[in-house]
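What follows is a short report on a single structure.
Naming follows writing order (A, B, C and D), and every chain is counted from residue 1.
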Amino acid sequence: MAIRIFVTGGTFDKEYNELTGKLYFKDTHLQEMLKLGRCKIEVDVRTLMMIDSLEMTDADRGIILENCVLCEDERIIITHGTDTMEQTAQMLGRAIKNKTLVLTGAMIPYKFGSSDGLFNLGSALAFAETLPHGVYIAMNGRCFNWDNVRKNRKTGEFEEIG
Amino acid sequence: MAIRIFVTGGTFDKEYNELTGKLYFKDTHLQEMLKLGRCKIEVDVRTLMMIDSLEMTDADRGIILENCVLCEDERIIITHGTDTMEQTAQMLGRAIKNKTLVLTGAMIPYKFGSSDGLFNLGSALAFAETLPHGVYIAMNGRCFNWDNVRKNRKTGEFEEIG
Amino acid sequence: MAIRIFVTGGTFDKEYNELTGKLYFKDTHLQEMLKLGRCKIEVDVRTLMMIDSLEMTDADRGIILENCVLCEDERIIITHGTDTMEQTAQMLGRAIKNKTLVLTGAMIPYKFGSSDGLFNLGSALAFAETLPHGVYIAMNGRCFNWDNVRKNRKTGEFEEIG
Amino acid sequence: MAIRIFVTGGTFDKEYNELTGKLYFKDTHLQEMLKLGRCKIEVDVRTLMMIDSLEMTDADRGIILENCVLCEDERIIITHGTDTMEQTAQMLGRAIKNKTLVLTGAMIPYKFGSSDGLFNLGSALAFAETLPHGVYIAMNGRCFNWDNVRKNRKTGEFEEIG
């Protein structure tokens, strides 16, 4: 079973710029994380964009959708900033019915020692391997359907809407 | 959905003793790892033993079996040393048919910066949430049935037997 | 020999805010770092302020000076943001002649796995123990006199002026 | 000012072997540690041996002595296991009077997240830069003369003899 991973940026991949003291994007850490997890699943990682999800436009979401539609793999993980993850999940959920799509991310950048990224990536891979066709958000051990999930702005946690 | 985690020791929980220079077991790191992963699943962690799986006896396996049988939760994760994980999986697989049991572990102790433990724990939780009744080994992104898995002693990897 | 450590903030102590995605100051990590280094020197840590050194005012520098003057310990370390570390060193160097003052900081926050903070703290303590009275900047293994040091804005490194 | 670093092994450089579950030596982590500390001092690292200091023989100590004598750099750091660090320091202290030699090590391997190695290396470099000719042990923020230091076997700490 092969799994495709589309990288879009988000907290997952943010780094600290020593010269400016600001957070920024350089390259994705997905390969490094898969190596750390000694991942033995066949995985194909492609970077679609490296952006903060607050800055993600409809055009960006169009690129994600197109890649998911054209992708020959049936099981796909999308790394994504948490701030607008639910919007992208809804857009994909309405459009794609014949694949298993799992969006995941992190509350803390991977390069920080205390990141939840490796845990989330491990569970996202397992959900992508086992769940039926559909679009899901996998965060912090939980898995949500695209049409029943939102990020609680006060707690930072994902939760069911109803 | 509540998940029970039974801790038995293994590489997962080994630590470095500063005074002797040897690896040893103190307490389990499971709670610390769940916190790092910001795990939002309801989880109940119980330590059954803290041993190297090479030293696990039939009596020890009896204790694991009994706890799995008596446990009211239907979904159970067992952390376990990798060296005899397949034996324990076989014993459990023959005896228990009405629960989802996932054995997992690590190639590198969690307290070492480069551990695969957090990744494995994330995927073990996801497999425990989604898979039908049965006994499984979840390691490094993959999930095996109890009756078709072995640890390759040369590569250190888990693989199908046939 | 007792050493006083005055904390003023800087990159050293920056953390990542999960809810806002911004870097911020909470508490100092000095005690945690001294524990990690298993520091056996008698050290007294006091937090004077927790600010980015770009926002440090003359009034703030006055507070640092006053504390260094009134402090009964002869050997003092000041943790400080690197952006204006040379200004504070110059102010202190002109005013204080009867103590050994060592300013230090980090290019990367301690909470990031890849920080130089622990290395710099180790060397700052050693410089504070051994150097004669004077005001110094200790960064990345080097030690500079207060009147012959600047931060190179392009490389991020500290260097002699002349 | 150039500093020579002679690597002899010790806890500093121990790694975890995934296949055997034992600690072992592969390559030194000194270069990686100097990079993490963004060390700007000119440093020349040479590996003399990679052994546990409990297994260090008189012949091994002879090799260390010879290299220190022949070395053109006047300031030398020796990384060393803590168990027999005091013996090597005494041997060097009796023989070498015209150089500054600093022995250092770690209580926890560098590859473990919780190592004191980076802190000790930072202070060893600072001591090597500033101390007069002599042979010293630098551990956990403290610096001892070769003829007045021992490792307390019960606490694991270095302390003065008298």
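Keep this in mind: a residue touches a chain if its C-beta (ideal position, glycine included) is under 8 Å from a C-beta of that chain, and two chains touch if they have at least 3 such contacts.
Just so it is clear, the structure is predicted and the values come from calculations on it, not from any experiment.
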Copies chain B and chain A - interface residue numbers shared by over half, same or different: same
Distance between the centres, which are taken as Cα means, of chain D and chain B, whole angstrom: 38
Rounded Å distance, chain A centre to chain D centre (Cα mean): 45
Intercentroid distance (Cα basis), chain D paired with chain C, Å: 26
Per-residue overlap in chain B, given as positions that touch at least 2 other chains: 107, 113-114
Overall pattern in which the protein chains touch one another (line/ring/star/complete/other): ring
Every chain pair meeting the contact rule: A-B, A-C, B-D, C-D
Parts of chain A lying in touch with chain C, wherever the complex brings them together: 11, 14, 16, 18-19, 21, 23, 52, 83, 107-109, 111-114, 153-154, 156
Contacting residues of chain D [partner chain C, same complex]: 33-34, 36-41, 43, 107, 114-116, 118-127, 129-131, 138-143, 157-158
